[in-house]
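Two complexes are shown next, each including chain A; its partner changes from chain B in the first to chain C in the second.
Now for the complex of A and B:
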């Protein structure tokens, strides 16, 4: 087993045994090498997204956890949020620049749930139209500008 | 930059992919051409390369030659401080059994302290296990060559670097009150750690060195080779100076700092 698989096995075990509130791994989606995951998340109670269900797609390279995972919203319901583009790409610094090998699928999911929870108004990012038209399919190939930590 | 100033800028085109591909290329080139930790070099071997950056370095290398015999280079990938620190210290422990025992104890206990601070156990354990494997190479019986191999094996070397980064982060968070005023920008200590300490490749500054020497209780010396003056300035990081039983602790090893980079120095 490669060190990436070993690490992801451990993560999967922790996530299925003791899943954080509103987060669950879709075990049917897992590939044999664990290089792709789908995680179901639910908008937290008393937030703008209460009761809504979303799906996050994770892709890992063989260099994980040194390479950050590619993470985006997938499926029919993409949250309307100032840091989430309508194609599912997420502007969140821990997914690129501030990724650390000590982070995990779980900590990424929790950051995304908390990003949704602190949102005060459902609206698209201001540059959504041009971004979605010109961006790469891989959100890790975007040079993100992180400027606003309040939402 | 004003985008309109560039006549060829096309706002409907995506430039990010090219820019990032270029960055990856540069990283690959660095990885292919520089060992994570190099063999010993003499100053005559590196003087031409180092003085290309600035002619003043030629003079400063003469100054180093009067006090040091060799140097070991580290890869310029943003992790150089941690790699230089780790290698130089373990190399020193090869000949200091008493200090090794002290360090082993601190290293072993550090895992639970970090978990106590909220680092997730299952990711931390991996890094700690590999860190301890590398540390224990000092005793069975350790050789410089064994350490050299380990520090050039990404599967060990990078894990070791991650753990040192977590130790720095842990120390800063435990002592947040003493460090909060040394952090630029309106960031909390925790934010600073997740942006400037924990990610791989983020360079180290004074605050990182202070934290690591305090977390592990190791005194070190850094020779600063900057563009000012004629000689290198040495600076001692002594984690014991605030303690009552202050003895003049000899630095465990000396690093060479050139703006943005750390190498290891070996005294005459």
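Now for the complex of A and C:
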């Protein structure tokens, strides 16, 4: 087993055994090498997204966890949020340059739930139209400028 | 071991021990030229060993002192309580009390028999001051603790070896042995084995190099075994007044001959005694690399290999002023850089060669140098600080322009002259044919077509997809592929993705 598989096995075990509130791994979606996951998340109570359900798609390369996972919203419901483009791409620094192998699927999910929770107004990123029209399919090929950490 | 080495057949029988896995072969070294091979059981006492050695060397057992880890071995202790492994070299000397002994005492002590091989240089003066058994130091597994837990263990071992431990305190020698043998504390990159090996900590007299040197205390940290150690002791050689030990580490494998300088200490690697999970794969590995950050994050050696290889490919190493071209803890902790760059040998030889090249390049660039742009050269050059833009490579003689890093040219930069195709002999070659058949020109024009130069450091950069927001892998300048200027908010608004 590669170190990526070993690591993901452990993460999967931990997350299915003791899932954090509002986060659950969709085990039907898992491939044998665990290179792709779908995680269901739920908007936290008392936030703009309360009761909404979203899906996050994770893709891992063999260099995981030294290489960050590709993470984006997928499925019919993409949250309207200033850091989430309507194609599901998420502008969050831990997904690219601030990624560390000490992070995990669980910590990424919790960061995203927390990013949603702290949102004050549901609106799309200002450059959504041009981004979605022209961007690459892989959000990791986008070099973001992380401007605003407040939402 | 020279011709004087005597293999000791039958000694095991003398000591009444079975020849089973507990039998080890020890080398008892009197001087650099005089040593004896002795097969003994680890279950016998130090006294038994002395008797065997005395018989072999023709000396009185009482006169023999054995040294391990800079400490005298105590008669009543069992060999296994010291964790001595097979093929250990023990140094021996003959006086019961080095400081109290006078020359006369020595003569009477050893004069009973004069059986020492004459190759002992000290024997040539007829006095035979140190005809002696200076038994060894094989410090591996002794001394050693490099953190608090290890420190305690080191202390424990020393108590044992200084004979303070009563039989009661040694209630479970087997456990002690297992514990000692299971835990090597030091690891080196052995150039002879070409790999990571457990290491033995050893010491000699800093003055005369004598292995039978007695230290006042065992080392407790890395400083204690450095050249500026505060540990003192005494040399058992009569001629030497030196009080300074010199510690060194050597590969645990047997290597014949001079091994000086062949083992590089890998100070961040340790046995995973605390059974900590690897930060990357989550496994509990037998050996780990411990980063020098506050929390002491660990990776298993496989993951460290992978981590450093990924970072090497992405050129994410940092040139650190004290530690060289290195990496921090993967969790991004402060002050967590690998302090000894030989750890990167774990990436394998080929990658290590690349690592050294990258490191040298980074050093040149950070110190105001340039790299020769000629294909296959890349020599580090430090151009004169004058008006001229001409930089000539001392290695390949290629002449380049200091400003645009292209081949040297007259006129302004940016208008690279194409090599003129001159046909000295008319063989009916048309320009078109020459164009197609031109190896160098083709790759040059390919580079021209597919790359743009970083506006800050001029390195030719290829864009392999993604957005137009480039980050230079050499100087970290953020620039726009379309404007070839530093990245701005306007670039993002107008042509983020082209």
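Keep in mind that, in the parts below, the second predicted complex is superposed on the first by the 151 of 151 C-alpha atoms of A that agree within 3 Å, B and C clash if a C-alpha of one lies under 4 Å from a C-alpha of the other, contacts with A are read in each partner's own complex, and residues count from 1 in each chain.
Everything that follows uses one rule, which is that contacts are C-beta pairs under 8 Å (C-beta built on N, C-alpha and C of every residue); 3 or more make two chains touch, one makes a residue touch a chain.
Bear in mind that the values here come from a model prediction, so they are computed numbers and not experimental data.
For the composite obtained by superposing both complexes on chain A, the positions of chain B and chain C are in clash.
Contact with chain B, but none with chain C, is seen for A:94 once the two complexes are overlaid on the shared chain.
Of the two partner chains, chain C is the only one that A:127 touches; chain B does not reach it.
In the superposition on chain A, A:66 makes contact with both chain B and chain C. Once the two complexes are overlaid on the shared chain, A:142 sits against chain B and chain C alike. In the superposition on chain A, A:107 makes contact with chain B only, not with chain C. Of the two partner chains, chain B and chain C are each touched by A:10. Of the two partner chains placed by superposition, A:74 touches none, neither chain B nor chain C. Once chain A of one complex is fitted onto chain A of the other, the partner contacts of A:48 are absent, as it touches neither chain B nor chain C.
Superposing the two complexes on chain A places one region of chain B into the space of chain C, and among 56-64, 182-190, 236-244 or 254-262 that region is 254-262.
With the contact threshold set out at the top, residues 3, 7, 10-11, 65-66, 98, 100-102, 130, 134-136, 141-143 of chain A are in contact with chain B in one structure and with chain C in the other. Against chain B, the residues of chain A that register as touching in their complex are 3, 7, 10-11, 14, 65-66, 93-94, 97-104, 106-107, 130, 133-136, 141-143. Only residues 11-14, 16-17, 19-20, 119-120, 122-124, 126-127, 155, 158, 162, 165-166, 194-195, 198-200 of chain B touch chain A when the two sit together in their complex.
Residues 3-4, 6-7, 10-11, 63, 65-67, 98, 100-102, 127, 130-131, 134-136, 138, 140-143, 145 of chain A are the ones that touch chain C when the two sit in their complex.
Across the interface of their complex, chain A is touched by residues 279-283, 297, 302-303, 306-307, 310-311, 330-332, 465-467, 469-471, 478, 487, 489, 492-493, 496-498 of chain C.
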